[in-house]
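After this come two complexes, each holding chain A, first together with chain B and then together with chain C.
Right, the complex of A and B next:
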């Protein structure tokens, strides 16, 4: 199909071996042009063509033609909409405003096709029809609409689809979780229940800016960390167990004997040779806490770091323990001001029980500290670095414990205060010299 | 400080600022040093609802300004 603008540079992007976003945009541009469903488009019908045009121009000029910033949301909300404006509106009127909407994704990304169709119908009529499923935030991202449509979309979403906007700006971002106990045998707590509860509890923080910068909760059911909370969330919730890994010795033998395929067949596309339990499991255990004598598999559980490797390789033989809960880690972030940072462990184990008061109490203590002391655009992880882990322990009332130390002697952040030491720091120098020469 | 006085103080302080029209939430904490940060946050967001202030967001960070002051929607090809 002939489009409004020639796009030779973008066309080249379609020639590679990968699925191309250019093809996707062209597909939507074509669909809008044909309008076989007789949709009453509420924003320019050629917006996708203009989007291709402005992108082509950016490739020619080697600079962006988008301005960002400004509008934040619908009435009553201070987030959920990200203002995007084209700086060549005469040339590309279809994308003069092309705002992004963040839509709060259902927990675990579960939805029915009926619901998806309704979302897409709404977005084709009132937006560009282009979506990003899902953004790196986890939200359903609607790409491109005009200012006039924002309230209309919000009204239809909330009244017809029971659907809320997500977070953006200096707000609590849309909490995101893995599918958890709904489908995964590794889940150590109900990620969806906790994600939903905290989303509802902190509606004000989600919809109105409250913080020096963004704040993210992410919920992983187990240390496989499918939503990468440890790398991305200011407060990461990772499922964990504190008793022993359950072993089915007969199933272990079945893996060794080849009756069961390792990794539940995930690597079956290629012949990797016979399964070697010693090489593929025992020798790869990071703490060397496993032993296989040809008959029996043994695990020295106190040494286990819950890396999940052995469980992932032999899921029928090894299962998570029964005493389950969550561990909390704080301070992950992508590199903007400082380099990328992983979360630091603050609570090694906590039971996950409704109404989650213990978790909420900790969250609010962290927020109070960060709201008071955090600099503009400073993430929690950066504040932890600037003021020190000990300060975090003070404000949260957590006791320093060995699990918080990543490497012995490299990060000894615990300093005793005088009032914490029996007798204080004062000493009688004469008494001291009786035993110690100068 | 009562709410009306606090609102008045915020508006007056912002009106005096020259050359800057958008402010971080922390700037408002400094205007009301005796109030808790959460109280200031709630007040500032209330002032947005009431139309005295307005948000400006880059997408990652949110700032606040007096309604209609500084770069506005009119400059962004809108009515």
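Right, the complex of A and C next:
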């Protein structure tokens, strides 16, 4: 099909084995042009063609052609819509106004086709027909519509799809989770239930920006951390257990004997030789808390730091413990502004039980502190660094424990508080001088 | 193109308004086998790249087929996914956290016929629509950001760099022959919507020229104090500037030596754009991870300070990445993640083995953490 703009550079991305986004956009452009279903498109029919045109121009200039966002949104919400305008509207009128909507994804990114179909119908008619499945934070992203359509889309979404927008701006960003108990035997708590509950509990914080900056919750079911909560979330929920790893000795023998495939088959593409439990499990254990005598596998559980390696290698022989809960870490963020941070452990273990009051109490204490003291565009992790861990302990009431640190401080510059030092800070210089001449 | 109302009344926006209803509950979209066995899964096994068998305590078996794809997805393609899910999966489908589509079926036979069907679907240029893989000791889909397709701050494109990289590394997507899994992530500026800073290999778009200042408009478009406060290095100060027509306006001055090109000023103020054809390009980082397996999570380190934006396929970038992956694949021990390998052999050996050039740009000079990355021991290797 002949399109509005020639795209010789982008066309070079239509070959090779990996799926081509260029081909896919062209497919949508063609579908809109033909309009075999007689859809009454509510935004320019040629928006996909103009999107290819403006992208081609960026491939020539090696610079973006999107303007700085604009303040658009739906009534009563301060997030969920990102304004986007093209800086060459005369050349590409179809994408002159091309706003993004963030649609709060269902937990675990599970869908029925019936629901997906409705999403497609809505977005084909009222938007560009282009999406991200999914955006970095986890939302379904609707990529490109006009200002007039925003309220219409929101109305249809809330009335016909029972579906709300996600977060953007200085608010609670759309929480996201791993597949958790839905499909994974490593999950130490129901990530999807907790994610959904907190998302519902904090709808106001999600839609109406009242924070110094963004705030992210992410829920990982185990220390393998498939949603990268430790790197990305202001509050990272990572599932762990505190009792013993369950061992099926017969299955261990079956791994050693070669009847079971180690690593759940993850290394099957190369000949790494016969499975060697001593070399591949026992010796790689970071705390060296395991022993194999040829007959029996022993784990000295109090020494175990639950790194998941042995369980990942022998999932049919070793299983997570039964006394499960969540480990809470706070303060991760990407490098902007003062360098990247990972989350820091603040609560080693908490049971995850509805209605999750203990978790909510902690969240709210952290938010109270951050909303009171946080500077404009300061993430929680930066506030923790600026005001210090002692302050975090003070505002949360958490008890200091060695699990919170990698090592004690190496400088003695302790900010002693007056009440910690007998007699306080007020002293009489005259009394002092009676014994110490000037 | 006649306007069709949804029922929304602009005169009365609060009429029948529904708000704060949140997302659909994921559990209403679970396939029956997941509803029944949730929290009671016994073990999983990767039968072949991309196909995982999951066995529940009940004895039920679930087979998932993982197909890579673009996160930028048209409704036409989603409708194709819908038709596949209707045909093979009773109308259920899911996506993974790394933008793969995952089809779920209840028998190996169905999994195999679905596999055959998926691999037979190609785009007109010959690209697979649904390449199968992304499991175990290999690479999976590259998570990424918007790039030139839809963002105002990128220093490179996201979809294009990812497509070019995955074409080059395709073999490692459909195979499981690396020492451990290798996670590649892409962010088109250091705002890092994609939070790539803990990836085995990170592709990052970066600016290298200080912002230009649109003196005529800055005071009309921006809150100047916010732009000044936004600078993490204090490089921006207020200034009075005389325009060509002789009028004096309030503006800012940038101490260019202090600029680290983060673009935070531009985020606060559209009159300070940074984008530049020669200035912008790619930084490569390596050796990060997020899993707690064996070693603690770690940050990725900058291993290539700059690669120009070579549209449309970024050959220098993809060749450099390929070289890193191949060296790692040949040299690392089983289970060793990229960063664990680099730390074991030593970063000096990393540069020797990969042939990447070590330049002064790679030595940290940004604040306190820099010191902790310098070497305070005589233990090193000659290269």
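Note that the second predicted complex is superposed on the first by the 400 of 438 C-alpha atoms of A that agree within 3 Å, B and C clash if a C-alpha of one lies under 4 Å from a C-alpha of the other, contacts with A are read in each partner's own complex, and residues count from 1 in each chain.
In this text, contacts are C-beta pairs under 8 Å (C-beta built on N, C-alpha and C of every residue); 3 or more make two chains touch, one makes a residue touch a chain.
On a predicted model such as this, the values are computed, not experimentally measured, just so you know.
**Student:** Of the partners chain B and chain C, which touch A:68 in the superposed model: first, second, both, neither?
**Tutor:** both
**Student:** For A:96, is the partner it touches chain B (first), chain C (second), both, or none of the two (neither)?
**Tutor:** first
**Student:** For A:178 in the superposed arrangement: first (chain B), second (chain C), both or neither?
**Tutor:** A:178 contacts chain C only, not chain B.
**Student:** With the two structures laid over each other on chain A, which partner does A:387 touch: chain B (first), chain C (second), both, or neither?
**Tutor:** In the superposition, A:387 touches no partner, neither chain B nor chain C.
**Student:** Quick one: classify A:76 as touching chain B (first), chain C (second), both or neither.
**Tutor:** both
**Student:** By residue count, which of the two partners contacts chain A more extensively, chain B or chain C?
**Tutor:** Partner with more touched residues of chain A: C.
**Student:** Touch test for A:301: chain B only (first), chain C only (second), both, or neither?
**Tutor:** In the superposition, A:301 touches no partner, neither chain B nor chain C.
**Student:** Looking at the overlay, does A:368 come into contact with chain B only (first), chain C only (second), both, or neither?
**Tutor:** first
**Student:** Contact-wise, after the overlay, does A:376 reach chain B, chain C, both or neither (first, second, both, neither)?
**Tutor:** In the superposition, A:376 touches chain B and chain C alike.
**Student:** Is A:17 contacted by the first partner chain B, the second partner chain C, both or neither?
**Tutor:** The second partner, chain C, only.
**Student:** Residues of chain A that sit at the chain B interface in one complex and at the chain C interface in the other, please.
**Tutor:** 67-69, 76, 100, 376-377
**Student:** Which stretch or stretches of chain B touch chain A in the complex?
**Tutor:** Answer in residue numbers: 24-26, 37-38, 41, 45, 48-49, 55-62, 64, 71, 73, 76-78.
**Student:** Which stretch or stretches of chain A touch chain B in the complex?
**Tutor:** Residue list for chain A touching chain B: 67-73, 76, 78-79, 82-83, 85, 89, 96-97, 100, 147, 168-171, 208-214, 368, 371-372, 375-377.
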